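The following blocks contain the structures, represented as structure tokens.
The following pair of complexes shares a single chain, chain A, combined with chain B in the former and chain C in the latter.
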Partner chain A sequence: MEKQNLKGWLYLLPAFLFLGVFMIYPLIDVFVYSFEEGYNSASQTFFDVGMYNYSYVLHDPYFLQAVKNTFILVIITVPLSTGLALLISLGLSSIRPLKELFQTVYFLPYVTNTLAVGLVFMILFKKTAYSDGLVNLLVNWFGGTSVDFIDGPYWAKMFVLCFYTVWVVMPFKILILTSALASVNQVYYNAARVDGTSRFRIFRRITLPMISPTVFYLIITGFIGAFKAYSDAVALFGTNLNAAEMNTIVGYVYDMLYGDSGGYPSYASAAAILLFAIVLTITCINLLVSRKHVHYT
Partner chain B sequence: METKKDYNKIQRSAHIRKTAGNVVIYALLALWALVVLFPFYWMVLTSLKSYGSYNAEHVPAFFTLSPTLQNYVDAFTAVPLGQYLINTLIFTVITTLIMVAVITLAAFAFARLEFRGKNLAFTLFLSLMMIPNELVVITNFTTITNLGWRNTFIGLILPSVTSVFYIYLLRENFAQVPDELYYAAKVDGTPDLRYLRKVMIPICRPTLITIVILKVIECWNSYVWPRLITDDPDYYLVSNGIQEIRENGFGRENIPAMMAAVVVISIPLILLFLIFRRKVMEGVARGGTKG
Partner chain C sequence: MKIVLEHLTKKFPGRGRKSHGEVTAVNNFDFEIPDGKLVGLLGPSGCGKSTTLNLICGLQKPTGGRILFGEDDVTNLPPEHRGVGLVFQNYALYPHLTVKKNITFPLENLRGADKLTKSEMEARALEAAKLVQIEELMDRRPGELSGGQQQRVAIARALVKMPRVLLLDEPLSNLDARLRLQTREEIRRIQKQTQITTVFVTHDQDEAMSISDLIVVMKEGVVQQIGRPQEVYDDPVNLFVAKFLGTPPINVFQGAVRAETLYIGKDAVLTVKGVADQEVSVGIRPEGFLLQEDGPLCCHLGRIEVMGRDISVVSTHECCEAPAIRSIINAENIVDASSEFVRFAVKPRKLYLFRRDTGERIAFDTDPVQ
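Take a look at the complex of A and B:
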């Protein structure tokens, strides 16, 4: 076969052009930005090169608040959503009637607009002057006192954010886990049943090892996704997340870039690179842990 | 006789245990279905309540006896919801069309053509998959601003018309098409582009449809980039539109009208999902994220 050098590159040209301008160049540029001190976006000048942007960001109370919020969100939602999705997928795979209906219903949050449905959650949880809202009604039924989940205490706001995040990420996890469970070879289950193995033991000794690569994949993508949380928080608490004490790291990056407190691409770059470093570290730790516990066939 | 009775007893108790187990499973599944569906029910319900009756409710009512469509009228007249929907439609259609063209050409080059530097280029592409959007968005914002493309469709569309992942997905599918077809076409003197259009694309249509559906969902829900690049409501997409409506649309307290807007925004994708249910779920399982 003759070589088609020119033609090959011609076919790749559009993709390369777009990726070059909007991905490769920005990737280099973000590091450059993050080291330029005192960058002024109007005159495009800077004073010096160094680590000042990083030190500014690391000492900014808003950034520390954002890091704290993000870590709490990650630590609560990733195990919770993965565990819950596993439980639901196990339930789904052991029934036959209504299975399709349940699967369809469970998938709905995936195709909804995060911002739009977040507004519904806000209304369900919000306490206003004339009505305590639906969730508080339930809280009252169980003998609790009403709390304002949207403008109230920190833990209440964090609860809503975690709840909404779990609600949003569940469809993907249930879908992936259900198909993983369906692909486990029935022979193992039949053998276990002949031996009279209990359900729990079957789960621990057969199901879990067989689907462990999938569970692990979900944990890694879950960590990465949760570290990038942003629009869920905007949907619930509005665009001024700093005032609501509910900002996330990604939110901090965008606030630095644009909006009322914006105009500082250098700080935004430094914060984005710090986020990337955190995510990379956590992913590496995850991979190391997986070597011990994940069973690949 | 004795053993037979025992056997019946064991069978009965096993049956009871199994039924009890199923009841627990169904209860659990129904509970989660309720959690998923309730917000949808609540938004439809609230959108049908009149402004007066909603605000008179001290305790939220679980149903309404006098539904009204007034809120839907308000959603289209008091705020430019129709404009937001049209903008989003334009953005989604153009972005998806350009992207499909770009990735098809690139995937064809990687799967079918032989040229110097192909392997190196493909490795570079694959490594780009690891780059998070958050890192590149800062410079893209500056680039688009410097080009004077804020509040234009070009500025909205251009940064999202390529996807390394979709190129990869399509290349894998293209590579499965037998080489013999290509050689046969070559013998007949068919040009590459024609071969791509008449043979490759029809064979790989399922993958292309999957990619289109995933991209449409992504476009319809995109929020961050449109928010950075538009501050003129004439160019708002639905996500920004709903945020705008919430912050200074109907007046903060007209929640039924807001819910009507939310329903209108949610319906297109839910319909798309219900029509292409299998395709969407299969596609997300193969290439989705948002986890």
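Take a look at the complex of A and C:
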């Protein structure tokens, strides 16, 4: 028994080493930096220890803007993308002909480069001196006036960012949900049919509970992913996100480290720890809520 | 509610290339299941018995023919309007719902005039649960129940909406041997108590014989024989039915009729009046053998198994299709295990003649060969 245990630990050792060096140690380090005022990574020096970094970050209008943007993004895109993905998966699993084709089409965005897609979105939405862009063409068709989605009002930019994010995260969710739906045994549907259950009730009372672990997994990872959004905003609005009012928390951390106004690892660390705290809280809330609604069998 | 199947046919399109042709799972079924009876559909795997059940239930549409419940033509009705309760082979209990919720699930679907209040539903559920004796398990989840208990819950769920017809698909196949015996008695009891016309599917002839009022023996989509279990056992219409029913199975010999005498190898076993000279298959039930020192059928003695009340004599004969002949003999007989040969006489009523080519039964009158 004793020997078995030792062997187990031995097998775990490589993973522990790598995780320890490249994840746990840096995490602790970031935590430490966040309390060291004016930390300089070159000279490894700092002035004082305290809460000043947090106070600075929390009073920085750019950070508050980033938090606001991130929260809007999370609240809109996570439910929307999960819900849409569920609808599309349901559609995909109820058709026979061309099913594989549609599955491939819906999965394509996943294997496409984020920045390339961002560029395409920018071209679609951007209003320039020469052209109003394809989307504005549609807006005009339906009697609206052109809006500059890339350099225009805040809501328009936020709309594009959310649209883009939903579009980018959906393929993975569709893939996962389609396989979850396929794994629900047909016999339950037959049983429900014999009992005269309506399609909606079958979905709500049978399908949804049966795929609830998968849905829950997608929601948790969706929240975490959306809170860590950064490259999407860069792809659409360029690197100077603060000026565009489109910065995210991760974007703020990056700017504090390497941006034009960068070179402040202490502030970056404090912001990163704040993000960590937010994600942790939301995940815990998710776990609590899920206890009631997720059925593991 | 009697069930009438009229020329019922179900064909499935062939797999892959069209040239493979279609598969006829159910071929021109034409019979009536009387009201309040327990009927077993019996046959080997792939004989179309589950398809028949699905057709009666409405989960599959027939290619041709009609299904009537009483006087109502239900052929084109969806399952929910037929008033059937179906118990699935693996029970199909909803794993995320408690036993009580599982049982009330069909009731919650009722709409309009049939809509029930919550207390009515609970009363009905409790009634069904009492019938199958699971009332103390109502708050458990299916995962916390044994196979037998799950089976009962499934039956309760099928019965709670008071169906006109109860259908069971291989109801005992997922249970262990002891539970199987118990549960089949239970199904019999519940059916007797509720008097619902019940059809169940099984490949296990023991199961079908022991509890059915009527068995339907099927092979490759064609009904072979319908009748009370004992009738079918005693009077099989062909070699397939004779082989399918009975444990141990019937012993089949290659024989020949010459001048109204049946020969198995060189042994003249019986006189068979009214049978023309021909090659035949001879089926003899295990209980059809009598130990007799000067008996006409001479076999090589293999071994003897004592089973208490009976003894089973395992022997060989060059004309037997199977590697061994199994005969069941009253334990009062004494067999000398060291002798090389054993001689049998045959009970004429336990011996059947079948045509060698088609397997059809050949009728005969007999006097035992003296």
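List of remarks:
The criterion applied here is as follows: the second predicted complex is superposed on the first by the 271 of 297 C-alpha atoms of A that agree within 3 Å, B and C clash if a C-alpha of one lies under 4 Å from a C-alpha of the other, contacts with A are read in each partner's own complex, and residues count from 1 in each chain.
As a working rule, contacts are C-beta pairs under 8 Å (C-beta built on N, C-alpha and C of every residue); 3 or more make two chains touch, one makes a residue touch a chain.
Just so it is clear, the structure is predicted and the values come from calculations on it, not from any experiment.
Once chain A is used to superpose the two complexes, chain B occupies space next to chain C without a clash. In the superposition on chain A, A:M210 contacts chain C only, with no contact to chain B. By the touch criterion defined above, A:R201 lies against chain C but remains apart from chain B after alignment on the C-alpha atoms of chain A.
Shared-chain residue A:A191: touches chain C; no touch with chain B.
After overlaying the two complexes on the shared chain, residue contacts for A:L257 are found with chain B alone; chain C is out of touch.
In the superposed model, A:G38 makes contact with neither chain B nor chain C. Put chain B and chain C next to each other and count what each touches on chain A; the higher total goes to B. Once chain A of one complex is fitted onto chain A of the other, the partner contacts of A:G50 are absent, as it touches neither chain B nor chain C. Within the superposed three-chain model, A:P79 lies out of touch with both chain B and chain C [touch as defined at top]. Within the superposed three-chain model, A:G133 lies in touch with chain B and out of touch with chain C [touch as defined at top]. Minimum C-alpha separation, chain B to chain C, in the superposed model: 5 Å.
Those residues of chain C that touch chain A in the complex are listed here as 57-59, 78-81, 84-86, 88, 90, 92, 94-96, 105-106, 108-110, 143, 157, 161. Chain A meets chain C in the complex at residues 185, 187-188, 190-198, 201, 205-206, 209-210, 212, 295, 297. Of all residues in chain B, only 21-22, 25-26, 28-29, 32-33, 35-37, 39-40, 42-43, 46, 55, 57-60, 101-103, 105-106, 108-110, 113-118, 121, 125, 128, 131-132, 134-143, 158-159, 161-162, 164, 167, 192, 217, 220-221, 223-224, 227-228, 238-239, 242-243, 246-247, 255, 258-259, 261-262, 265-266, 269-270, 272-274, 277, 280-281, 284-285, 288-291 touch chain A in the complex they form.
The touching residues of chain A, when paired with chain B in their complex, are 1-9, 11-12, 14-16, 18-19, 21-27, 29-30, 33, 41, 84, 87-88, 91-92, 94-95, 98, 102-117, 119-121, 123-124, 130-131, 133-134, 137, 167-170, 172-173, 175-176, 179, 199, 218, 221-222, 224-225, 228, 230-231, 234, 238-239, 250, 253-254, 257-258, 265, 268-269, 272-273, 275-276, 279.
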